[in-house]
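Look for chain A in each of the two complexes below; its partner is chain B in the first and chain C in the second.
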Partner chain A sequence: MAKLSKTAKVYLVLVFAILYAPIFYLIFYSFNSGGTMSSFEGFTWEHYGAVFNDTRLLIILMNTVIIALLSSLISTAIGVLGAIGIVFLRNRKTRKAVLSLNTILIVSPDVIIGASFLILFTLVGVKLGFASVLISHIAFSIPIVVIMVLPKLQEMSRSLIDAATDLGASKRDILTRVIIPYIKPGIFAGFFLALTYSLDDFAVTFFVTGNGFSTLSIEIYSMARAGITLTINALSALIFVVTLGLVLGYYFFNQRAGQSPGTGGAKL
Partner chain B sequence: MKELVRVAIAIVVISTILLYTVNVLEKSSATSGGGTISVYNWGEYIDPELIRQFEEETNISVVYETFDSNESMMTKIEQGGTTYDVAMPSEYAIEKMKENKLLQPIDHALIPNLKNIDPYFLDLPFDPGNEYSIPYFWGTVGIAFNPTLLDGQTFESWNDLWDPSLEQEVILVDSAREVIGLGLNSLGYSLNSTDMDELRAATDKLKTMGPNVKAIIGDEIVEMMRREEAAVAVIWSGQAADVMWVNEDIDYVVPEEGSNLWFDNMIIPKTADNVEGAHAFINFMLDPEVAAQNADYVGYSTPNEQAIALMDPEVTEDKRFYPPEELRERLEVYENLGLEMLGTYNELFLEFKMDMEN
Partner chain C sequence: MKDNPSRPLYLIPYYLWIALFVIAPIALIFYFSFLDLTGAFTLENYQNFFSSVYLRMTLSSFWYAFLITLITIVIAYPTAYWLTKTKHKQLWLLLIIIPSWINLLLKAYAFIGIFGLYGPANKLLQTLGAGPWQILFTDFSFIFVSVYIFIPFMVLPIFNSLDKINPALIDASRDLGASAFTTFRRVIFPLAINGVKSGIQAVFIPALSLFVITRLIAGNKVITLGTAIEQQFLVTQNWGMGSTIAVFLILFMIIIMMLTGQKEKGGSYNGKTK
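Right after this comes the complex of A and B.
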């Protein structure tokens, strides 16, 4: 790769400064003993203590993580099978139609999806809470996974499958030993995108939470009326540090596992 | 393939551990035996310590959830799918919920602590006889101002907002009834006026305030006042208290012509599961010591007469947040004017806003 020119470097630094400034601003004030974001008075750990003392907040945080992990796992499983199904559809028109239906789900506003789910759940009699949130998160993640996996599948040469068949592989072998290893980067990409979508989501979750079950986005939004407390800053700082640690750990692990491009999430 | 399976198993294991931890945490904070009630409240609108205390005293565990607007709360209750036992809407929302038959009558026999409430806050037009609602917190609409930015200028009357020296200094809250209401009040009319001539006069008068108005916005007002980007704002007393907490220069006044008295109240939705528990909770919140502690934490004004006696006199003698009798006489609670009249208010407010742009 050619070396970056000086201007390009400055530009890059500037872009990242803008992207990270709000986060560091927020973390900076999480140590403020003054209690507000308007002026920094002194250093304190008090807000971090408050996070660990607030059982409700901790439960909500854990709920958010559980929902994100489970929903992206399940939606990845469903989405990968769906993508494979779409690619192997024989009729060109049907394939296009199914793909468009998938895209519509990605494009349609979250608010509408959320409202539809609320109406559906109350109609069917599903109690709002863990199950309803999980189901709707799985539902809005599936199309995303499909979109992430499809390019890999399309890029795969059909002769690979033919070769496998010629060598006597069963259908199951073809799926687990040929197709899935080949599209693995796409699967990981889909999983992580679904994970961030689920962690982020406010609009859909807003409609389907209930009976004491809540996620971070909902809780922080409700707090905004009376002014967000610095506890939230502290919590966000903790989440940022944990995420950073995970990413660093991932790279460390990947490098030690040997550079094998094309496998695992090396491309992520 | 193996790697994928391993990752999947790892995720399942992590989730299971987390789920287990959540369960343990929920059990340790909940007590068994007395059943459960779910409480639906505004964000940051109760001292969490009190929920724990209620659970210990009654053995009823509390599922606590928050909402951000009356409208979203009403939608959730109307749709069902979740059973809230107690909620805290504002007075106009209570009228709407009453019309839509979303409320259960409250059994006063189960709420002996009702006697602690100042009678001034009972039997109000939005709920005669307190059949469906019990007061939780209350406040006013008034003028918050920063004298250091205004060479020491102070405010007593709504008419002070028209002062020519305030060019581009005044911020109004983006809400039809509050703004048209201040126009009506400044002319000495009732906030609940349905007389077209009075409403017209109020709107025309508001239009002459145009040059002074810097912006008509929502909750951002609090942050703008804190940062001294604005000198004067018409806001609710609760928000004013928040602002003053941070910036001590700022003062708040309820204009002498009178103003709006607003309410958040405890209600029991029709869909409630544990009606008995709901009553116990409401009664608990009306206990003088509990109410005093809660008012201390939340910072809004409590309608609980006995609680006021237990609170820091510096707070309760603050006329800005606990207006004295003679001012209270001039405060009015919004009455339900019907959909058509509300439309008229909104139209006039829009007319005022459009006029500002010229």
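Right after this comes the complex of A and C.
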């Protein structure tokens, strides 16, 4: 195998440096006792203290986490059932149509999702706030869960189900004791992705959140528009650490799941 | 007898979701695009869209999206190519992807500091002898930050398609006397073109509809289709006009998807549904 040339190495290092520089720049200044992001005066934890002493911010943080957890749980449930339904659709055309409908929300720009949901909620009479944000997050997470679960279902051998039927399993048993254990890695991947999508979303939430309700992204947006506050830096450092943990956890989970396919089913 | 003929009950929530959150929203956007401020039926919005103001905005939105996509490809292609050559390439790829998981707003906020009048970018310029510049709120900062945001989304599909190329093909091309450049042009590039197409899909459409970066970094000087929709919906409260712009954005999206759509030929690794 050819080794990387010097140019290649320098180039890759440069790309990595540029990709990470803004993130470390934010984290670095989160320890600045001066109030700016341009001159470092001294080391301090005070901005982290500010994050944890700001009740409003903590409530917003809690809102964000609650919305993320609830929406990914519900969307995983609906998405998994949907994926199972799609796989068992006999008509190829119907299946293709349902799959295309499924991808629409994944490829649509956030602005359009947000705007159309805003119209929908206003017409139906859903009050903008917690409920509208939660419903939107569920709605845009469902197709992601379906996409993550489908491949697992497609690689599952139908004879497993036939065998279970022959052994006298009811439909319910087949679902809970054959199918779900088999596709578990896909379900976890879907849940995890839904979680990060929800935590990350700004544009859709921005449209459907009312005046009283706010998530972290919305709050950061309004803080950033007002100017530089090192509280945001401290917050972003915390978010970076949590994100890194989640991504690495997901990576190793996936690697394990990838090395021994079918372990989900073997647990029975 | 494997499949049960009756519509299973467990599909109800999923179908309900499709009806309520996929079909209804698109229908509503389409319907509202024909309404004026009072809610009466009108074609005025479409007329307005073809007026010079909106046409110019659409053109500039396309121009920016084009520039952003092009620069992203130029930066991401070598990155992806050399990444496939590294040891532990999956881990390096993951490291490229991680920044894309950090909240977009935080990255945009970082650039407010970096490009600020007293920020590190200007300090560097000053040590090089060029005076402080107003970098923030310019086209340059808008394009720079957008490219920064999109690099991982371009690297990933290109990496995947490059990684799938059978190395024997490259060896064969070398054995037949092709230079490194010819091998790239005639073997590697055509085989990895689908990755570039997916990358264009993943960058061009979002670049048309960005509104966070335009607001935070470009200081409202750059108006994309996304910014215009947000403006019509949340500031002007003219949902009709906003919906009309959205209809066109959807149209552009469909056209781009068709142009960059993968032909069955050789690129059927996504074709699990067949």
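Everything that follows uses one rule, which is that the second predicted complex is superposed on the first by the 217 of 268 C-alpha atoms of A that agree within 3 Å, B and C clash if a C-alpha of one lies under 4 Å from a C-alpha of the other, contacts with A are read in each partner's own complex, and residues count from 1 in each chain.
Note that in this section a residue touches a chain if its C-beta (ideal position, glycine included) is under 8 Å from a C-beta of that chain, and two chains touch if they have at least 3 such contacts.
Remember, predicted model here, so these are calculated numbers, not experimental data.
Asker: Looking at the overlay, what does A:85 touch: chain B (first), chain C (second), both, or neither?
Answerer: second
Asker: Between chain B (first) and chain C (second), which does A:240 come into contact with in this model arrangement: first, second, both, or neither?
Answerer: A:240: touches chain C, not chain B.
Asker: Who does A:221 touch here: chain B (first), chain C (second), both, or neither?
Answerer: Touch partners of A:221: chain B and chain C.
Asker: Taking the superposition as given, does A:203 touch the first partner, chain B, the second, chain C, both, or neither?
Answerer: In the superposition, A:203 touches chain C alone.
Asker: Considering only touches as defined above, state whether A:50 meets chain B (first), chain C (second), both or neither.
Answerer: In the superposed model, A:50 contacts neither chain B nor chain C.
Asker: Between chain B and chain C, which one contacts more residues of chain A in the superposed model?
Answerer: It is C that touches the greater number of chain A residues.
Asker: Thinking of the overlay built on chain A, is A:65 touched by chain B (first), by chain C (second), by both, or by neither?
Answerer: Only chain B; A:65 stays clear of chain C.
Asker: By the touch definition at the top of the document, which applies to A:101: first (chain B), second (chain C), both, or neither?
Answerer: second
Asker: In the overlaid three-chain picture, which partner chain does A:180 touch, first (chain B) or second (chain C), both, or neither?
Answerer: In the superposition, A:180 contacts chain B only.
Asker: Between chain B (first) and chain C (second), which does A:118 come into contact with in this model arrangement: first, second, both, or neither?
Answerer: Both chain B and chain C are touched by A:118.
Asker: Residue overlap on chain A between the chain B contact set and the chain C contact set?
Answerer: Dual-contact residues (chain A): 36, 38, 77, 118-119, 206, 221, 224-225.
Asker: Mind listing the chain C positions that touch chain A in their complex?
Answerer: Counting only chain C, the residues touching chain A are 2-4, 8, 10-11, 13-14, 17-18, 20-26, 28-29, 32, 75, 78-79, 82-83, 85-86, 92, 94-99, 101-114, 116, 118-120, 123, 148, 151-152, 201, 205-206, 208-209, 211-212, 215-216, 225-226, 229-230, 233-234, 239, 242-243, 246, 249-250, 253, 257, 272-273.
Asker: Inside the complex, what are the residues of chain A that reach chain C?
Answerer: 1-2, 4, 8, 11-12, 15-16, 18-23, 25-26, 29, 36-39, 77-79, 81-82, 84-85, 88, 90, 95-96, 98-99, 101-102, 104-105, 107-120, 123, 139, 142, 150-151, 154, 158, 161-162, 171, 175, 196, 199-200, 202-203, 206-207, 216-217, 220-221, 224-225, 228, 232, 236, 239-240, 243-244, 246-247, 251
Asker: Can you list the residues on chain A that touch chain B in the complex?
Answerer: Within the complex, chain A touches chain B at residues 36, 38, 54-56, 58-59, 62-63, 65-66, 69-70, 73, 77, 118-119, 121-122, 126-129, 132, 176-177, 180-181, 184, 187, 206, 209-212, 214, 218-219, 221-227, 229, 264.
Asker: For chain B, which residues are in contact with chain A within the complex?
Answerer: My answer: residues 1, 3-4, 8, 11-12, 14-15, 18-19, 21-22, 25-26, 28-29, 38, 42-45, 48, 63-68, 72, 76, 79-83, 219, 222, 226-227, 242, 246-247, 298.
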